[in-house]
Every structure is written in C-alpha cells, then in structure tokens.
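Here you go, one structure.
Chain lettering (A, B, C and D) follows the sequence in which the chains are written, and residue indices restart at 1 in each chain.
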Amino acid sequence: MIFKCKFRVHWVDTDTAGVMHFSNYFRYFEACEEEFYRSLGMNMNRLRDEFGVLLPRVEVSCKYKSACRFSDEIEVALIVREVGPKTVTYQFTVTRNSEIAAEGLVKCIAANLDWKAVELPEDFARVVKSAQ
Amino acid sequence: MIFKCKFRVHWVDTDTAGVMHFSNYFRYFEACEEEFYRSLGMNMNRLRDEFGVLLPRVEVSCKYKSACRFSDEIEVALIVREVGPKTVTYQFTVTRNSEIAAEGLVKCIAANLDWKAVELPEDFARVVKSAQ
Amino acid sequence: MIFKCKFRVHWVDTDTAGVMHFSNYFRYFEACEEEFYRSLGMNMNRLRDEFGVLLPRVEVSCKYKSACRFSDEIEVALIVREVGPKTVTYQFTVTRNSEIAAEGLVKCIAANLDWKAVELPEDFARVVKSAQ
Amino acid sequence: MIFKCKFRVHWVDTDTAGVMHFSNYFRYFEACEEEFYRSLGMNMNRLRDEFGVLLPRVEVSCKYKSACRFSDEIEVALIVREVGPKTVTYQFTVTRNSEIAAEGLVKCIAANLDWKAVELPEDFARVVKSAQ
C-alpha cells in the first residue's frame, strides 16, 4: 500500500537559495507519517497514553533530486518498508509535477518513557503491517 | 540591567526573500532569555522540576526596522520590563551593525503543570527582579 | 469576509511543555495568508516576479488564550483589517474546539527588491480590498 | 582536522517527547558547517556572489544514539570526508557529556544559479581540502 499526502511548500520552508531547506523535507515526511497513523485510527498520543510508548527515530536519510520552491504542491508517498519486533521503517518519496524531488528513509524504534527500547505495541504493529 | 547575547543568522533562518523570516526573531528572543536565566543560575528545567512551574507566553509582539541576512552578526538585548505577581515581561532589541533591526516584547505567565496561572516562584521572582 | 483554513498541529510544532511553541502560531498565520492569496488568484511569487514587490512584515503581535497540542485540529481565520497605500494589516484568530486559542495581527509593507517601501501594486490592493 | 562547535539545545528545538526533534540535528550540522567556512575565511554568501555557486545538499543521513534535551550543551564535530570535483561530503558527530548522541553525513554539490551541477570553485576546494 502507498499512503499519499499533498502539501504546499510554505514561504517559511524556503531559504536564501529560494528553495525548500533540506531539513524541512523531514518535517513533511513526519507530517505524512502522522496522517498515515490517523488514517489507521492510531496516533502518537494514543501510543504514549495507552501503551507508554514513544517512537523516536534511530536512523534517517534523504536523497535530493530536484529543488522544491515556495508555493509548489508536493506529494509525499509513504511505504511501510519493514516492521521488526521493536522498529518500523518507512520509505518516503516526494513528487513535484510528477517528478521525484526527494527520496528518504525513516527508521523508528519503540521506546518506553524511560527511553529504553521495547517491543512495538501489538495493536500498533498489526495495523502498520496491515498497511504493508 | 541590560543582558546581551550575540548570535549569527543561520542559512536556515532565512527565506526566499533573502532575509531572516520574521518568526525567527522570536526564537532569538527566547535563546537570549534562556541565556539570561542561565546567567542567574536559573533555568526552565529547574522551574518545572523544583517548582512545578512552566512559563508559557501570553502576549508577544515585534516591530521590524531593517532586515537581517544570512551570516549577519546580531546582538539581542534583554531588559526586564515588568515583574507582576504571576507574570514577567521582557523587552528585546535586536541590533545589527549598531542599527536597530527589531524591537519586541514577550510577556510570560507562570503556570502549573495543569496549565493554571499561579504566582511566580519566589526564588525566580527575586532573581529576575534583581536584574531589573 | 472571513477567510478560514484548517490545520493539524504537527509533532515538530510542539515543545518540551507539550504544547505548540508560541513562535509557530506565526507560521500558521502565514500559511493561512498564503492560502488567502491563492484563493484570490494571487501569490507572493507573482507579486515579486510581475511587480518586483515583496511583502515583509513591519509589525506582528499575538495573544495566547489556551494551549494547542499535538494532533489538535486548529482553524485559522483571517480578516483584512486595514489596507493602506503601502501596507496591509491582517487579523488572525486561531480556534480549537470552538474555543479561541490565539489572536494575532500581522502588518505587511510593500517593498521593492532594494527593500524600499513602495505603494501596494494596484491589482494586489484591489483584490485584497475586495475581500474586506 | 576536526572542526568543533558548541551549542546549547534551545527550548524550541525540543518536542512533546521532551527531546530535540530529529530534524533539528541537521540544523546544528549546518550551523557547524557555517562556522567551519567562516574559520577558513569563506562563506556561502561569497560562494554565491563571487563564484555564482550555491551548495545544495544531495544526500544526508543521521543515526541517533541518545537523546538531547533542553539546555544540554552539545558539541558538533565536523570532518571533511571527501572532496570530489563537484561535491564535498562532511561527517558530523554530536557529543553530549562525552557520549555520542548522533552521527551524520551531509553531501553537498556545487550548483550554478540555474541549479546545474558545476565544479567546486578552485579557491573553495583548496581551502576545504586543506582542512582534511
């Protein structure tokens, strides 16, 4: 399954070079991930409040193919790449005018409130796997 | 007393117009406020952990006089404008090349962890007043 | 006329206090302003490319009434408060669960690419006034 | 050569989980890179104005080892990992209390103002290589 969200590049996302700052792609990856959880009836508040679990990132990467500018409409596509006992890895593709602008990976780990790695809550792992 | 901090405008602070985005001045106001507390042996962690108090902002404003650009050295000056029973108001001036770039006000209120307004912790009020 | 946009508070918008950082309200004000221009067939790129005009902010303010948290749906309402020869002032209200979370003002000035104040482009002033 | 910068984690850098948001590490990598250029008598303004060259990022990554929290002092260490004809790659290590918090890579490419890849300006390549 591919989960897709559309966004507009905001003025504040851009820098002196007239393009979206490279760090802001990760903000849009995460915004898409948030909508993905919402689409599954999940969210990071519920993870924390019901299961005492946070989802810090352990590894992220991004390759930039072409620049995004103010007011561009971008589409972020999320694919569940891998679900491990304690981790989930998402692959993101940012498209602008049907052209790939960036490709990224974000690996999250389940952590309890003492910040120790724990197994993904079963309900969470199940719904995320169902979207693979 | 005037408390001063120097900062460099970062690339990420700027936007397509080639200048620091107006919202980022508030980030530098707060960075200066953080250093101000540190200079007094205080910080927002201690406020929360020892006194159960947070300092949300209730009112902020900024007037922009001239633009700041990437790599500019800016000086942020903080003055304690008013200390009330539950609030403290700071006045900020941003200077670049001896010219005023921006002037702002930030009014904070003491809130407990249930987000109700409370009196400023006595220790905190005392040291902040001592810097007036 | 009241122009309204809905947004979700993102994880990255929040801070250690568990609430949206006060500076981020200005990002949502601007995101709403961008959509407002788009709804009028305008945008800041066209202003710059056709008229050689940028819209820096000269004065902004915000009063915070209640906290917004991760995943909250917020509605930002924009009203054109005043259109002067060189300036336009917007009033913003952020509502969450039918409760006012914040109220702000943003005054923009038309500037040419040498960063001198100029009159608002006639086309721009006309469409903005039509939305008053 | 290892180039090092110290920073304080700001309140605004943190999120609801009480830790620095993962995307902000890239802001500190870049802040360190900016200081590195400054230490060499270079900066991105000069690159653009004298050579017509920008330095967009083509690939970035980060591994997170332990969390950074508000008010933590962090040290960012930069190593020039590779200088190619058109690219330069930096390796970053973030240390907090002598413990590694994060490790990252940032690969930049020289681009002209039409956003085409070009060779690194000779002066720039020379001083960056001298810091290897």
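Everything below uses one rule, namely that a residue touches a chain if its C-beta (ideal position, glycine included) is under 8 Å from a C-beta of that chain, and two chains touch if they have at least 3 such contacts.
A quick note: this is a predicted structure, and the numbers were derived from the prediction, not measured.
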Interface copy of A-B among A-C, C-D or B-C, judged by whether over half of the contact pairs recur: C-D
Most distant chain from chain C by Cα centroid: D
Chain pair showing more contacts of the two, C-D and A-D: A-D
Whole-Å gap separating chain A and chain D, where each centre is the average of the chain's CA atoms: 23
Distance between the centres, which are taken as Cα means, of chain D and chain B, whole angstrom: 27
Centre-of-Cα separation between chain D and chain C, whole angstrom: 32
Per-residue multi-chain contacts in chain D, two or more chains: 11-12, 23, 27, 30, 70
In the complex with chain C, residue positions of chain A that touch it: 8, 10-12, 27, 30-31, 34-35, 38, 43-45, 70-71
Of chain D, residues touching chain C in the complex: 11-12, 14-16, 18, 21, 23, 69-70
Residues of chain C that touch chain B when the two form their complex: 17, 19, 22-24, 26-27, 30, 54, 56-64, 67, 115
